[in-house]
Structures are given as structure tokens and as C-alpha cells.
């Protein structure tokens, strides 16, 4: 797609400085060519404005007086994102319902849906309009999928999974795997049948090869607007509040309740049966064994409040030195006691 | 399915107090309705017995005198699990062997098996009775799968994989991926062909998107009764003893031997070429670099014995304060030496 | 395959001691039988030379005078690897292009390729000679796959992915999933379209269920000779230099640049927007929040230089004792001050 720069500025509602040209794509300041639009959001990179070959740049008001083709924005990054959306190509090449898919005869399919070859959909499932299901996906019986969703290749929804509108499931994501539940018995571990399901809200993104277990009895629930990265583990009966963000390789054990607007950094691990309050933040690789109050930031293993955690990070490399100094103090104190004849008074 | 409560109690072999009613399902005390059975196992939730809307509750002997419909049990949780099994629906909607599967002509298939569409099975493979293989599964050549197994969608068994009876493989689980083996050579890393396979015992559960590498030469072995959660990594040549439990995101490096009845909590990492003794327990996120003796509990990074680890967890948040107090001690001791004229006697 | 031992020695270019015999396979010293070849590389296992039942053993010059059938090598492990390659069976049972695959009509396919059933390939894709694509793989539009590659079952390449020659992608690996990019906006998180792709060099190995996100605008790049283990997460815009090694469950956040010949041990986590210099080494479970200079070895959370990290590992279990000793020092010092009447001079 090629757009006139003036038309692009108008479409984004941005003030435009300079002469018109044609824009065919978007790129970083470093890599953009004469037919590409770029942006400057971080003042750290302001020097790149002099060297960039970009055809035009979205800048903040503070840069509006520079020479060259500029689109002036109150939020350059956000407006650049809007521009990217204009140039984004749709992933995929197939439209309509493939005769090579295996679909239950009672499937209720909205208008504008695409079902690729090698998709399996079980009975009593309903799929909303304009949803695309890529090859190798499995949708079990009694599922509900909203409209405008994308199921990338090899996504699995086990029976009864419910998905809202505008949900994106990246390749290999699994929703509704068996919860990990076993009861000790006289003859060894006894498997507890996991008869619940997974419910997902609107505008949720779920990463590649992420696994979300179905509940033992009821439902594992992912709120609307939640963003889940790749390779995340979510145990049975977990609930995640709206608009929370889980970065890659986070693991949440069974029955834990995560509030709204929570952020968990990569590889954090959360114990089962605890609560993470609304707006809380969990640091990378944190090991959270106890509930976290709303709005708190925690980090480390064991998870500590932010200030303590940051201080611990600073102290940690000094540990060997601290051990040496304690030895030294003990020696000096003993010597001092001896010198002043107080060796026997305490300890 | 709807059962008379009296019939249900008889079927479970439990003493029953109260009048009869119809039970259509199972649920938690908090969520159960008048036609659902619930249970009280944890005394912490005893207050919920007053507020629950459950039609009947399985309780311990200590609660047997309460009003309402009660089933009295020596182990309420275990008996509830048995009740859940009665109400559990079978996942899946398809029966028989699909003409849309690609099966080797010499496949030996037991009675009562289900093979969904888009399953591929290679030559010289044998599958026992009553095993179900969901869509998108790949079973390579020379595999052996026992009876009563479930391969959920998109499970991969590479050539020569052997699976016992009553094994459940969750979606996306991979058995027999290439081991990670490279030898340094003059021209860079040289790949070591991984010509072994994976052998799995009876009653094993393997989680979604878990990966188990095939051995370099021989076999990676998973003992009977082992329960493996989602997103677990098991390297080549590893052996896992019977009835061990690996929680989500655990990683075990190549050639390590894990004993029987071992428990590893989530995100623990185990080095290669070591031994974890029978009945040992490894804490969450632990980093285990050395062998662990049978029956020991370890935690932390580096992995420490349980008592030391628990004390470290308690001390960790005090680290910054400890550093401050060492500074203070040094100052005070120096001041004291100066004051008493002993500054030059040592250090 | 059965080879005469003399022919095998000649083929490997190794000096041979003993009488001829037939060799049908390769195995460890412990498990090899009379028709199998083994090796001794680690002097720790020299005693096994006396007890092994192996038909022949590859040994170093230092063992060349022992009795029995020996192949003498300057690098026994490397030469054993070469022998393993001779006996390695090719995974897979199918040859040619399956009529059960769904291939775009404009697919350019090299000589000697194998495309299994249930493979989907989108338009404008080019695949080199002798490449094998197992069942359940998805190759999107505009992809380039080199020659001699293996895509094991259920591998996903999203649109525009480019793969060099002799690349192995293990089952369930995903290349080109959507990068995790969201911009805060007045109405909540706004998804940033991820319109880039993934480029992979030659002789790369990628593990089972590993996920590599496509770039936001440009390309996520994996250099030639890179070896990536199972369940690794690589964020958008990351670049990995040639011949680097990423062990299982490593996670690398977006836009980080990893140099050439870098080694990252299992479960290490690397922050976004930093640089890991050529030849650096990152320890297991390390949490790397800052750039690492070329050639450095770091470990721990936070990541510390090697010597500091090793000392910290040694000190860590002594933390509770250190805390106790600080308490004790404070008491003793206070008592001493009191005893000599200096309690009020400082602190």
C-alpha cells in the first residue's frame, strides 16, 4: 500500500510540516528509507533525526521546528502505532471455509469466518463473525468463540472453552488441558478428574505455546484485555483480572486469584491458592509464595517489597565481602577483649 | 447424569444422614447449588458449611452431627474425587477410526480405539485397546502405545517411542525430540546424532507442551505413575523413577537420574549428570547443581537443605540491614579502639 | 546396518588393534553388546574398559596398549560421534509429496523434498532441495526454506519467515508468533501491530515447543550455527549472533542483541534492550538486567561476574549464621563498651 504523506497525516489527525511525498511503509529511524515513515518518542535517540533516511518522522511538539518532513504529535509512539496499523498486512492467505477441515455438522459459524484446512471443530460449538482459524487447530465440543478472533496454527481449545471477541491466540497455545490434580490414596496418587473449563474475555492475547489448564470443577477465568506472552503456565482454577499483563514464561499455580491491571515480569513464579491484588507488579524471576496487596510491587525469591528487593539486589554481590568482614570483626573484637583483659566477661 | 443421593452414598460406600434428593453434579462449597454435591476437607473452610447451597456435603466424622444432608467419610477429599469421577464427562466427540487419518497399512490397532481426523501414524506401530488419539497427533514409526491411553490434540511421538497403559498426554506434548548434543570440533559445534528413544511406563500423565528428548543412544525413561505438569523440559538420557511428580516449568538436564517418589516444585532447574534420590523433594525455582540424597528436601539457588533454605528465606529481606549493621560495627569498633588507645594492636 | 570393524576403522581413519568382527550399532560402555562399538573419552570411566561387553572401543592413545579390539583416536568422543552418524537411522517413513498436504499452487519445491500429509504451505513460498516437512507443519506465505532442512511435526513458520540450509526445527517450534508489544493509551493497552518477521541462518537447531516472535517492524534474527534447546522464548527484534548456544527454558526479552559464540545455561532470563557481548557465558537461572561485556561469564540474580557469583553461591547457605553472628557482635561490643565505660562515646 502506498499513501500520500498529506493523506496519511490527515488520516492520523496530525499537523504536517514539509512537502508531500509517497509513503509505502513504516520503520525505525535507523532503518527507514525515503518511502518510509518513522517516529521519535525517546529523546535519547534525538541525534538519529539528523542521520535518518526516513521519508517522514512523527515527532513531539518540542521537535516541530526542525527541517524535513514532520508529523507533529502529542504522543509520537502511539500515533506511530496507529500508522503501523494502516500498513500492516493481514497474516494468512486463505479465505472461506476449507473442504479439508473436519467440522461438526451442527457448527454455527458467523459471517466472514475463515476456516483453513486440517481444522477440527467438535459438535455444539458456536463461532462469531469474522473469526479466522488457521490449520491444525482443534476446537472441542461445546465451545463458544467470539467475533473477530484469530486462532493461529495448532491452537487447541478443549471442550467447553469460551472465548470473547477480538481475541488472538498465538500458535500452539493450549486452553483447557487437564488440571494437575492428584489425591494421595492407599494405592498411590489418584487422579482427580478435571471436569471444568476455560473462559476468556474480550481483546485477550495469548502467546505461543502457552498452556492454560481447565478448572477441576468450575472455570479457569482470563479477564478482558489480558495480555499473556509465550510459554506461560496457568494452573487450574486460576482467575486473572481484566487488563493484566503476564510476560513470557510466567507460571501461576492452581486456584490463585490475580487482580485487575496486574503486571508480572518474565519467569516469575506464583504459588497456588494466594491472591495478587489489583494493580500489583511482580518482578522478573520473582518467587511469590504469599498474597500481594493491591498496588504493591514485589521482586526476588522470596518476593519482597520493591524497596527491600532493590536494596537486596545491590547488597547481593557484596555478600562474600560481608562474610569476610564479619570474620574480621570477630577477630578484632576478640583481640581487643584480650588486650584489655575483658575476654571472659561475656559470650 | 442425575443420581439419587442415597444411591450415590451407597455407590461410594459412605454413611448418609438426611433425606434423599437428586444430585446432578459436583462443585465447591462456595459455588455448589441444590442439585450438587460438595465436600469439606480443610477445617479452614468449616464456616462455609453454614452458608453453602450444596444439596449434600461429604464431611469427616467430626462434622457428622451437623444438620443437613451429609455423607460421612474417613477421607472426604478422596471420596469427593471418587464422586467427581462418576459425573465426569469424557472429553471428545468422535468414535472409531477416521478415514481422514493417515495410518500406515501395517498399523496394529486394539479394539475400541478412536483415531480422529488428521492423525498420522507411521509403519510398524502397535496401539493397544481403548486408546484415543485426538486430531493433529503424530505417531512415528516403530512406536508402542498401550491400552486405555489418551493422546490429546497435537501430541508428537517420534520414532520408537514406547508408552504403557492408561497414559494421558496433554495437548502439544512432545516425546522424542532430538537431544541437545553437540561436540566441539575444529570447524565449530558438531551435532551428535540422537538415535535413542523415549520409554514411558503405565498411568503416566504428561502436561501440555511439555518436551521430553530422546536419548543419544539408548532411552530416556519415565517410570510408571509419574505425573508431569505443563511446559516441563526433560533432557536426553534422563530417567525418572516411578510415582515422581514434576510441577510446571521444571527443567531437568541430560543424563540426570531422578529416583522414585521424588517431588519437584514449579520452575525448579536440575543440572545434568547428577542423581536425585528416592523420595527427595525439590523446592520451587530451586537450582540444583549437585546430587541430592534420598529423602532430603532442598530449596533455593544454590539448592540447600530444607532448614538452611527456610532460614535463608527469612534472612534474605534483612540483607540490606545486615550490611548497614556491619558498617556500623566497624565504625564503633574503630572508635572504641581509638578511645582506649588500641588502634594499632591488630588488623 | 552391519559393518566389518576393519572397514569401520578405515572409514573413520583410525588405527585399529585386534581381530576383525561385525559391528551393528553403537552404545555406551555400560550397555554395549558384542556387536556394538563404544568409546572412552572421560578417564573417570576407565575402569569400565575392563567390564564392558562392547565388541570394540574407541580410545585415546594412552589406552592403546590394552588388550581387546581398540580404535585409537586423537579425540575419541568426536570420532565416536562420527561413527554414530554412520549408524543413525533417518527419522521418518514417508517420501515424496503427499496428496494429503495443502500446498499453494505456486510453491517452488527443490528436488528430493518430502512433504508429509496435513502440511499447509501458503503462496509465494520457496523450499530448497532435500528438505523434509513432517505432518502438521504450517508454512505461511512468502517464506524461504533452504535445502537439507527438517521441520519435525507441528512446526509453525508464520508469513515471511526465512530459514537457511541444514536447519532442524524440532516438534512444536513456532517461528514468527506475534511480538508482545502494547502501548498504553487513554482506553487501555493498545496492540502494536507486529509486521516484521524471523530470519534464521544455516545449520541452526531449534528445540521442541520453542517460541521465536517476529519483529515489530523488521526482523528477529538467529545467526548461523546457533543451537537453541527446548521451550526457549525469544522476544521480538532480538538478534542472536552465529554459533551461540541457548539451553532449555532460557528467555530473552525484546530487542536484546546477543553476540556470537554466547552460551546461556538453562532457565536464564535476559532483559530487553541490552547487549550480551561475543563469547559471553550466562549461568543457569541467571537474571541478567544489564549488558554483559564480550567474553565475560556471569551468574546469579542479579547477574554478577563469575568470581563474585561463585563466592556468593558459597556464602549463601551461611546467611543465617552471618545474621546470628552480627547479633552476637553487637551484643559483645555493647557489653565491652559498658564494661570499659565507653558506652556513650559513639553510635
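Think of it as A, B and C in the order they're written, each chain with its own count starting at 1.
By our rule, a residue touches a chain if its C-beta (ideal position, glycine included) is under 8 Å from a C-beta of that chain, and two chains touch if they have at least 3 such contacts.
This structure is a prediction, so every number in the text was calculated from the model and none was measured.
Peer 1: Which chains contact both chain A and chain B?
Peer 2: Output, common partners of chain A and chain B: C.
Peer 1: Same residues or different residues: which describes how chain B and chain C meet, taking over half shared numbers as same?
Peer 2: Both copies touch with mostly different residues.
Peer 1: If you average the CA atoms of chain B and of chain C, how many Å lie between those two points?
Peer 2: Distance between chain centres: 24 Å.
Peer 1: What residues in chain C touch two or more of the other chains?
Peer 2: Where chain C meets two or more other chains at a single residue, that happens at 118, 136, 154, 172, 209, 231, 249, 267, 285, 300-301, 316, 319, 322, 326, 329, 333, 336, 340.
Peer 1: Sort out for me which residues of chain A touch chain C in the complex.
Peer 2: My answer: residues 26-28, 31, 77-78, 81, 84-85, 87-89, 91-94, 98, 100, 116-118, 134-136, 152-154, 168, 170-172, 205, 207-209, 225, 227, 229-231, 243, 245, 247-249, 266-267, 284-285, 300-301, 313, 316-317, 319-320, 322-323, 326, 329-330, 333, 336-337, 340, 342, 345-347.
Peer 1: State the interface residues of chain B toward chain C in the complex, per the touch definition above.
Peer 2: 102, 104, 118, 120, 122-123, 136, 138, 140-141, 154, 156, 158-159, 172, 174, 177-178, 180, 182-183, 185, 188-193, 195, 209-211, 213, 216-218, 231, 233, 235, 249, 251, 253, 267, 269, 271, 285, 287, 289, 300-302, 304, 308, 311-312, 314-316, 318-319, 322, 325-326, 328-329, 331-333, 335-336, 339-340
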